[in-house]
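Each of the two complexes below includes subunit A, the first together with subunit B, the second together with subunit C.
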Partner chain A sequence: MTLFGACRIMAELSIRILIPIFEFQEGLFPPFSNPAGWFADWLATDGGLDTMAWFYAVNIALMVGMTNLILVIHLERKIAARIQDRRGPMLSFRSLREVGEDLSGNAPSWKFKENYSGIGILQNVADGIKAFTKELIIPTKADRFLFTMGPIIFISSSVFLLALFPLSDRFAASSAPAGLMVIMAAFSIAPIGILTSGWASNNKYSMIGGMRSAAQLMSYEIPLLLSMAGVFLVAGSFDPVTIVEQQRESTWLFGLPMWNIIPQFIGFVVFMVCILAEVERVPFDLPEAEAELVEGWTTEYSGIRFMFFLMAEYIRGFAGAAVATILFLGGWAGPWPVPPEIWFLIKVYLIIIFWIFIRWSVPRIRTDQILVLGWKKLLPLSLINILIVIFMVEIYPYFTAIVNLPEVF
Partner chain B sequence: MDLAVLVFWGLASLILASAWAVVNGNDIVHSVVWLATVFLLTACLFILADAEFLAVIQVLVYVGAISVVIIFGIMLTKRTLKGGEDV
Partner chain C sequence: MAEMWISMGPQHPMTHGLWTLKVKVDGETITDADPELGYLHRSVEKMGERRKYFMNTTLPDRLCYASSTTWTHCYVLTVEELMNVEIPERAKYVRTIMLELQRLASHLMWAGSYMPDLGHITGALYFWRDRELFLNLLEVPSGSRLLYNYIRIGGVKRDLPDGFVEKAERVMKLFEQRLDEYSDLFENSKIFRMRTEDVGKFTAAQAQNLGITGPNMRGCGTKFDLRRNDPYEIYEEIDWDIQTREAGPGYGDCFSRYMVRIDEMKESMRIIRDCFKKMPKGPTLASTIPVRAQGEAFRRTEDSRGEALMYIVGDGTDRPYRWKIKSPMFTTISAAPHYLKGYKVADIPAIMGSVDICIGETDK
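And now, the complex of A and B:
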C-alpha cells in the first residue's frame, strides 16, 4: 500500500465524519444561506476526497521531515561533543525525576544517578522554549518589509523541500515526473531570501554575508546541475522512482548492484562538494562565518526567526543528503529484511554523519578559493563526468551494434 | 464557474498587482523582490496549463538566476546605509 492510498482511506473516514457536521451547521440559521453546505457538497465529490488525501499526505511528510530534523540537530550536538572529547547534552526524560525533586521545594541537590548518562533529547525542547520566549527585534533603521519577507522566502522554500523527496517508491507525498528538478528549483529560490534579509538588516556584515552567499550559491548551482545531468542521462528521467529502479536493476561484477556512484564517481564527488556549498555547511560556510562576519546575514535576526533560519538550513542539509542518496547511492535499494524506507534513512544519515565529521575537522576556505574551486575545478570535472556518461550510454552501445564488443556497461 | 478559470483570474490579477509594484516601488531592491514574485506566479500559471517542466525551468532560471543576478548587481553599485555615512 502506498502512502497516498493510506491517506485516501483516512480521508474517506474523516469525510464521513465531517459531512454530517457541516450539514448540521448549514441548518443552524434557516433564513440565511450558509457556505457550510456547499463545503459538504464539495467534500463529497472526487476532488474533495483527493484534496483531503493530499492534505494528509503532505502533513505526514512534514511530520516525518521534522522528526528527522530534530534527530539531525541532536546528532550534530552529540557527535560534535564526542569529537571534542566531551559528552554533549545529557538531560533526558530519565533525569526529569531528579529535576522534579529539586523544583518541588526540596533543597536543590545537583546530583544525578551514579551511573547516569541520558541521551540528551531534552536539549532540543530547551532550545525550542528559549527561541520562542526571546524577543523579536527589528532594528530601527532596517527595512521592515524586506526584513520580514526575507525569512519568509528562505524558510518557506526550505520547508517546501520536505514534501518533495520520496523515502521509497511507496512512501512519497509527491510524485511529480520532474521530481528532482522541482527539488533543485526549490533549492534555487533561497538566495533571494538570503540576499534580501542580508540587505534589509542595514548592516555591513549582513550585507557582505548575503553577497558572499549569493555568489557562492549561484556559482555552485551550475556544476551541481551538470553533475546531476549524468544521472538523468543514464536513467532517462527526472523521476526519483525511475532513477532508483535503474540503479537497482543494473549489476556489476559478481552480480553486485552498480549504483551510480561506481560508474560516475567523479560526478559523485562533484555533487557532494557542490551540495555541501549549496546547504552552506562547513567548510563552505563563509556567508555566515562567525569569526569574521558575526553570523553573516543572520546577525540582526533574533529569537524564533533565527531559530527558523537554523531549522531551514538543517532541512536543506537533510534534503541535500536525500538527493545525493537518490542520485548516487541507490536510494532505497537494499537487501530484503530491512524495509526500503529504513535503507533510505540509513544512507541519508551516513552522509549527514560524514558532513558532521567534516564540520569539526576542516577549516573554512577563503572567498577567492571558493570561486576558483567552483569555476576552475568542479565545472570541468562535471563536464568530464558527462562525457564519460555519454560514452557509456550513447557511443558504446552504438559501436556494440556494429562490431562485436564485450558488454561492459 | 470552473475552478481552473477562477484560479487563473486570481493568479493573473496577482501577477498584474506585483508587476505594478515593480514599476511603482520607491526602492529598487523592493522592485526586484516583486519581480521575483511575478516570475514565481508565472510559473504557477504554467503549472495550471499542465506545463510542469516549463514551470520548473522558469523557477530555476528566472527566480534562481536572473533575479539573483539583478539583486547582486544592485548591491555592487554604490549605496548608503540608511542613517549612516557612505559605505
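And now, the complex of A and C:
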C-alpha cells in the first residue's frame, strides 16, 4: 500500500465524521449556511476525496521532515560537542567524573551510553520558544516588503522540498515524472530569498552576503546539474522511483549491487561538493561568514525570522542528503528484513554525519576560491563523468554485441 | 557595486578587542584601509606616575590580558636597571620559566582566536583547551590565572613549589603529543593552506620600515629576537634557536606567521626543560630593594607579540617621574593598510588575526 492509498482510506473515513458536521451547519441559518452543504457534497465526490488525501499525504511528509529536522539538529549538536571535546551542560555532570584532570596525561574517556540521556533534544523546544517570543525588528531604512518576503521565500521553498522526494516507492507525497528536476528547481529558489533579504536589510554586510550567494550559485549550479546528468542518462528518467529501481536491478561482481556510486564515482564526488555548496554548509557558508560579515545576510533578522533561516538550512541539508542517496547510493534499496524507508533514512543520516564531521574540521574557503573550484575543477570533472557514462551506456554495449566481451556494466 | 567604505568595529567578530578598521572595498577587493585606535585607553602611564614603584607592578599586568607576565617583567627589568638591583640567580631562572610559560599561553590564545577567523570553530576550542593546561601551571606558583603579579622588583613573589617540575613535564609531554595531532588538522590541511598561504604578505624590509616586530617579523625571514640579540635574564646560557621561516615562496604570509608561532611554542618548551636542568638552589628575592630612584632607564624585551619597550625617569622620589610604554602592536596595527590592500574581504580576519592583535597593550 502506498502512502497515497493510506491517505485515501483516511479521507474516506474522515468524511463520515465531516459530512454530518457540515450538514448540521447547513441547517443552522438557511440560506446563508448553504455553502457548508455544497462543500459537503464536493467532499463526497472523487475529486474531493483525492484533494483530502493529498492534504493528508503532504502533512505526513511535512511531519516526517520536521521530526528529522529536530533529529538532525540534535545530532549536529551532540557530534560537534564530541568532536570539539566540549563539556557543556548537556554532558557535564556525569562525564566530569570520568574526564577528571587532564594533567594525568591520559585522554579523557567518555562513555557514550552513560552520558547520553537524550534529554538534550529538548534544547530544540527551548530554542523554538525563544525564537517565538523575541521581538521582530525591522530596521528603519530597510525595504519593509522585501525584508519580510526574504524569509518567506527561503522557508517556503525549503519546506516545499520535503513534499518532493520519496522515502520509498510506496512512501511518497508526490510522484512527478520529472521529480528530480523539480527538486533542483526548488533548491535554486532559495538564493533569490537570500539576495532579496541581503539587499532589503540596507546593511553593507548583508548586501555583500547576498552578492556572495549569487556568485556562489553561478559556480556550483552547473557542475551540480552536469554531475546529475550522468545518472539521468543511465536511468533514462528524471523520476526518483525509476532511478532507484535501475540501481536496484543492476548488479556487479558476485551479484553485489552496483549503485551509481561505483561506475560514476567522479560524478558522486562532484555532486557531494556541489550539494554542500547548495545547502551552504561549511566550508561553503560564504554568504553568512561570521568572521568578516558578522552574520552576512541574516545580520538584521531577529526572532522567528532568523529561526526560519536556521530551520530552512537544516531542511535543505536533509533534502540534499536525500537527493544524494537517491542518485548515487541506491535510494531505499537494501537487504530484506529492514523496511526500505529505514534503509533510506540510514543512508541519509550517514551522509549527514559525514557533513557534520566536515563542518567541524575544516575552515571556510574564499569567494574567489569557490569560483575557481566550480569553474576550473568541478566543471571539467563532471564533463569527464558524462563521457564515462556515454561510453558505458552507448559504446560498450555496441562492442559487446560484435566482439565477445563480458558484460561489465 | 561602486566602491564603498565598510566600518569593521569597534564591535565586530574580526576585531579581537575594541578598535575599528575602516576598509574601502571594490566589490570584494580591498582598495584602502584605515585603522582607528584609542577605544581602550586607560592612561596606564599617567596612573603609574601617581603610584609607587613597587605598586606599579599590577599595572603592566593589565596591559595585555593574554600575556601579562611578560609586560610586568619588562617594567620590573627597567626599574631594576634604574635602581641598580642585583637579583639572585635562581630568580632569573624562575622568571625565564614563567616568561616562557606565558609565551606558550599567549601563543595558544592567539591560535585559538585565529581559527574562528578562518571559520574553524573546533580549532579555537582545541587550542583554548591546551591553554588551560598552561594557565593551570602558571596558577601553581602565582595563585591566579590571568593577572599574576608574580614578578616583583628584586626577584619573584615566591619560589616554585615542590612537584612543579614534574607537573610541567607532564603538561609539556601531553601538549607535544597534541601539537603532532594538530598538524594534520591545520598545517597539512588543504583548505587551511588555501586560506593562509600568499595572504597578507610583507617583506623583511617592509617589516623593518613599518616597525613590525616579533613573530610577525620572524615570519618573513628576519633572524632577530631580543632574547638573543639583546639578552636579559639567562637566555644567553640556555640552549635554544631563533625560529624563522626560510625565505622562499609564500614566506611573510599568514601561514608563515602561524608556523613561526607553532615553532616558538616548541622552542619555549625546550627553554623550560633546559631551565629545569640548570636551575640552582637559593633565594628568589633580593635581600634589599630600594624604594627611591634617580635617573633614567630604558629596557626592551621580547614580548609574545614583539618588542616591548619601557622608559622610566626617576626624580629621586618613590614614584616614577615619567613612564613611557611602547607596544609592538601599535605599529603593527598602524601598518595594516600596507598589508591589507589588494586582498579580499574574506582575508581581512585572516590577515588581522594572524598578526596577533592585543588592544590592551596598544591603547595602554
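To be clear about the criterion, the second predicted complex is superposed on the first by the 374 of 409 C-alpha atoms of A that agree within 3 Å, B and C clash if a C-alpha of one lies under 4 Å from a C-alpha of the other, contacts with A are read in each partner's own complex, and residues count from 1 in each chain.
Please note the rule applied: a residue touches a chain if its C-beta (ideal position, glycine included) is under 8 Å from a C-beta of that chain, and two chains touch if they have at least 3 such contacts.
All of these numbers come straight from a predicted model, not from anything done at the bench.
Chemist: Of the partners subunit B and subunit C, which touch A:149 in the superposed model: first, second, both, neither?
Modeler: Touch partner of A:149: subunit B, not subunit C.
Chemist: Quick check for you: in the superposed arrangement, does A:204 touch first (subunit B), second (subunit C), both or neither?
Modeler: A:204: touches subunit B and subunit C.
Chemist: Of the two partner chains, subunit B (first) and subunit C (second), which one does A:195 touch, if any: first, second, both, or neither?
Modeler: first
Chemist: Regarding the shared-chain residue A:185, is it in contact with subunit B (first), subunit C (second), both, or neither?
Modeler: A:185: touches subunit B, not subunit C.
Chemist: Quick check for you: in the superposed arrangement, does A:360 touch first (subunit B), second (subunit C), both or neither?
Modeler: A:360 contacts subunit C only, not subunit B.
Chemist: With the two structures laid over each other on chain A, which partner does A:134 touch: subunit B (first), subunit C (second), both, or neither?
Modeler: Once the two structures are laid over each other on A, A:134 reaches no partner at all.
Chemist: Which of the two partners, first being subunit B and second being subunit C, lies in contact with A:74: first, second, both, or neither?
Modeler: In the superposition, A:74 contacts neither subunit B nor subunit C.
Chemist: So, does A:176 touch the first partner subunit B, the second partner subunit C, both, or neither?
Modeler: first
Chemist: Check the residue A:214 against both partner chains and state whether it touches subunit B (first), subunit C (second), both, or neither.
Modeler: After superposition on chain A, A:214 lies in contact with subunit B alone.
Chemist: Where on subunit A do the contacts with subunit B and the contacts with subunit C coincide?
Modeler: 204, 207, 211
Chemist: In their shared complex, at which residues does subunit C touch subunit A?
Modeler: By the definition above, subunit C touches subunit A via 1, 4, 6, 8, 12-14, 25, 27-28, 115-123, 125-126, 129, 132-133, 136, 167, 170-171, 173-174, 185, 189, 191-192, 194-195, 344-349.
Chemist: What residues on subunit B touch subunit A, complex-wise?
Modeler: 3, 27, 29-30, 33, 36, 40, 52-53, 56-57, 59-60, 63-65, 67-69, 71-72, 75-76, 81-84, 87
Chemist: What residues of subunit A sit close enough to touch subunit C in their complex?
Modeler: Those residues of subunit A that touch subunit C are 83-86, 102-105, 204-205, 207-208, 211-212, 282-283, 285-286, 289-294, 360-369.
Chemist: Considering the complex alone, what residue numbers of subunit A touch subunit B?
Modeler: Within the complex, subunit A contacts subunit B at residues 47, 141, 143, 145-146, 149, 176-178, 181-182, 184-189, 191-192, 195-196, 199-200, 202-204, 207, 210-211, 214-215, 217-218, 221.
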